[in-house]
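Next up, some structures in structure tokens.
Both complexes below contain chain A, partnered by chain B and then by chain C.
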Partner chain A sequence: MTELLAQTGLNALYAASYISLVAVGLVLIFGVMGVVNFAHGELFMAGAYAIVALYADIGVPFLAAVAAGLVFVGGLGLLMERALFRPLRDNPLGGLVASIGFLMILQALAVMGFGVRMEHIPPPTQDVIVLSEKVRLPVSRLVVIVSAVLLLSALWYFLKRTRFGWALRASAQDPEAAALQGISINQTARIAMFIGAALAGVAGALTAPLVSVNPHMGHSVIVTAFIVIIVGGVGSLEGAVVASVLYAFVHTIVTTFYDGVVADIVGLSLLLGVLVVRPTGLFGTADRA
Partner chain B sequence: MLLEMQGVSVSYGKVSAITDVSIKVPEKGVVTIIGANGAGKSTTLRAISGLARARTGEIRFDGERIDRLPPDRIVARGVVHVPEGRRIFPEMTVEENLHTGAFLRRGAPDVATDLEKVYARFPRLLERRHQLAKTMSGGEQQMLAIGRALMAKPRLLLMDEPSMGLAPVIVEEIGRIVEEISAEGVPVVLVEQNAELALELADYAYVLETGRVSLEGPAPELHGNEHVRAAYLGV
Partner chain C sequence: MLRAVIGIALAAALVALPHGLSFSQQEILVFLTINVLLVASYRLLTLTGEWSLGHVVIMGVGAYASALFTKQLGLFVPLSMLLGALTAAAVAWALSFPLFRMKGFYFLIGSFAAGEIIRLLWKRFRDPFGGPKGLKGIDPMPDFSIGFYDFDFFEPVSYYYFAGTVVAVCLWIMWRIEHSPVGLTFHAVHWQDKLAQASGIDVRAYRTRAFVIASGFAGLAGALLAHYIGTINPNSFDVEVMVFVLTWAIVGGTATFYGPILGCVMLTVLNEIVLRELGFEQMRPLIYGAVMILSILFLPKGLESVVERLVGPRRARA
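Right after this comes the complex of A and B.
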């Protein structure tokens, strides 16, 4: 039993890692731009296809392909900022609708480029760390966990200790007051979109060998991310990370002991429960920040 | 003249907020804009700092037009605006707020010196430097908003209702700070509902009524003006 719990804990930690990368990016974009990016799941998908194209098809080393995926999806984020969100800055609903359109474009491009089949990518390593007979951690999962911790730490450092990090948080808390400090809204929007999209892309790239990659894989990811950011408190980065861990543990444990469908129901019930008790989410305040 | 606003009108949608407003700010001293709620005082400042677009007229700072520039470019020229309601960043610490004020002065060695100066001027901020800004009292938040603006090394300071909602003792202190800043060579445009305080601090004053300048003159002169006394000083 202890071993089963330990194994479930490791599985949950892995799930929490990539979910928090996706959710934190979504929160960052919402915080700075005030727009809900519905295409966020498709940015995750685009990251996974970067691995299909670079690592599986032409044999670029895995981590180099992940880095390329990060830059590529970050670039998609910049494109979205310039082409969609900037012209619609005074119209958050318009931004949301445009992001749904962009989601469909990305899906269609994936179908045109790769077909609708599931891509199974050979993991870069088959090594497994054997902790005990029944507790095993595949190295490819460990890579996801370690990368998430490193990337989120780097993001934390950037936001708390650097000039542009302060600018980003200032823009999220009060865009007009930020402009009065000489902070260019266009610039912080670009930075937020690049980082937010790149985090989703890197999550998709890292997990690509561990899931079945297909053009519609973004759907379940965005649903999970929405649950997580609402539970955590919309606008709170810490909340998103904590809620990711919470959700991943609940979901993984229920999946292990019952099944995946029950786990989805429990996940949504968790969302409802938190909303009833604390409508602003675990870490949310009434303000946007 | 450091700042010249000539025939500026601003409207929000179809509602016109200020009409044909002309204001001059010299290289030193305090200029005040007084008037009732909704007379267009804040809009005048917002037009200068680029938060509101001038529909007509022009605004020159140091002889160059700034009325088509975005707010961050206007700050870069040295026009710094302490907005109404303080608008500090609530979820950031006091020190982070102050650093944000110096955003455009990347890595300049004198930023650290200026931070010390702000702390010397406002010892409360030093005591609370690692506290979240939202946990401070209204007076402290106003000090922080002014400190943040000073971190930008302003050539012209725009202050919107710095005394609003504060206890009389604090209002007095704010008045002293405005005088200090002006004495140090930074001209101040002070928007106030507290006309008594404003006219006491200012060298020159404008009265805004329903979006137009209805009266202007040296502050002591307006202080003696019968209309101003009846309408704004409650005498």
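Right after this comes the complex of A and C.
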């Protein structure tokens, strides 16, 4: 029993790592831009396909392909900022609708480029760390966990300790006051979109060999990310990380003892429950709507 | 007088329309008719200012309920369709308790989550919902005759006339609702919710009313669909379909009654006639996505604003 729990815990930790990368990016975009990026799951998918194209098809080393995926998906984020969210800045519903349109375009491009079938990606390493007879941690999962911790720490340092980070947080709190202080709204929007999208891309790239890569994989990712950001409190980065861990543990445990669909139902019920009882989430503040 | 002439001409054109089309185009026409009811009911829902992402799942509730009433209880199909619509309205009423504690973005996400839960329940419970494969062999409408015309429901034309009549009646009812004091209050709740509240209007009760009524019509659309295609599954009502409905409403515009219907008809014609004939089937989501983005960027008030501009000066009314 202890071993089963330990293994479930490790699985949950792995799930929490990539979920928090996705969710933190989504929160960052919402905080700075004020739009709900429905295409976030498809940015994750684009990161996974960067691995298909570079690592599985051409044979670029795995971590180099991940880095390329990060830059590529970050670039998609910049494109979205310039072409969609900037012209629609005064129209929050418009930004949401435009991101749904962008989602469909990315999905159709993936279908046209790679087909609807599932991609098989050979894992970069088959090594497994054997902790005990029944508790094992594949190295490829450890890579995801370590990368998530490193990236989120780097983001935390950037936001709390650098000038750009200060500017970003200032314009998230009050765009007009920030603009009056000489902070360029367009520039902070660009940085936020690049980082937010790149985090989703990295999560997709890192997990590509471990999940089934297909053009419609973004759907479950965005559903999970919504659950996490609502439970954590929209606009709260710390909340998103804590809620990712919480959600990953609940989901993994329910999946282990019942099945995946029940776990999804439990997750969505958690979301509805939080919305009814405490709409600001665990860490949100009331004035952020 | 002019309006009556236009109305009669339009009705005649709609009756004559299927006879100029191929069999597959007639089938598309049936789907289009059902979708018109769906998108018009969606507009009724948005009158109070809340945009739901669960509307297509509510349509599915009507489809599943009506199919199960005929399959399990052997009810007469038209009766089970009405009961399906009532079930959808009842489910919406139950959902309104948690959902209308939220507004705006939270309502959007909440309705999305509620819809997904219902869809997952269909997937999880093989009995009675049939699991991921859904329900098959749903009873078709029984054939009948009204003297001068025999309804034979293997023919799409017959189903088009049947569904068209139902949809026309529903549209008329929705139009009446919108122009009744209740409908005017919906508008007030949307544009001046604080003022409406201060005037003694129970804002939440009116939001619930709009939601329940719209859901009933969506459920009827689902029932019409289920007994036409004969097979439904959880993916028939997934978020992609919801995105199409949203696109129709946005492209058409939601300020007028005809806006979303216009969007639905135009995009269906673009999609089915133009894209399918030209062989762009695979690019369908891409083009839908692009149309959605372009219309929100360059035509934020929808196609209806173009119509209003063309006929506007002569008929300057709200």
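FYI, the second predicted complex is superposed on the first by the 288 of 289 C-alpha atoms of A that agree within 3 Å, B and C clash if a C-alpha of one lies under 4 Å from a C-alpha of the other, contacts with A are read in each partner's own complex, and residues count from 1 in each chain.
FYI, a residue touches a chain if its C-beta (ideal position, glycine included) is under 8 Å from a C-beta of that chain, and two chains touch if they have at least 3 such contacts.
For clarity, every value in this text was computed on a predicted model and none was experimentally measured.
Legend: residue contacts after superposition of the two complexes on their common chain; A:94 is shown touching chain C, with no touch to chain B.
Shared-chain residue A:226: touches chain C; no touch with chain B. In the superposed model, A:104 makes contact with chain C only, not with chain B. Applying the stated contact rule after C-alpha superposition, one finds that A:202 touches neither chain B nor chain C.
In the superposed pair of complexes, A:189 makes contact with neither chain B nor chain C.
Annotation for chain A, partner touching more residues between chain B and chain C: C.
Overlap of the chain B and chain C interfaces on chain A: residues 289. Against chain B, the residues of chain A that register as touching in their complex are 163, 166-167, 169-170, 173-174, 176-185, 285, 287, 289. Chain B makes touch with chain A in their complex at residues 49-51, 70-72, 75-76, 80-81, 83, 87-92, 96, 99-101, 103-104, 106, 148, 152. Touching chain A in their complex are the following residues of chain C: 51, 98, 101-102, 104-106, 108-110, 112-114, 116-117, 120-121, 123-124, 239, 243, 246-247, 250, 282-286, 288-293, 296-297, 300.
Residues of chain A touching chain C in their complex: 36, 84, 87-88, 91-94, 96-98, 100-105, 107-109, 111-112, 219, 223, 226-227, 230, 234, 261-262, 264-265, 268-269, 271-272, 275-276, 279, 289.
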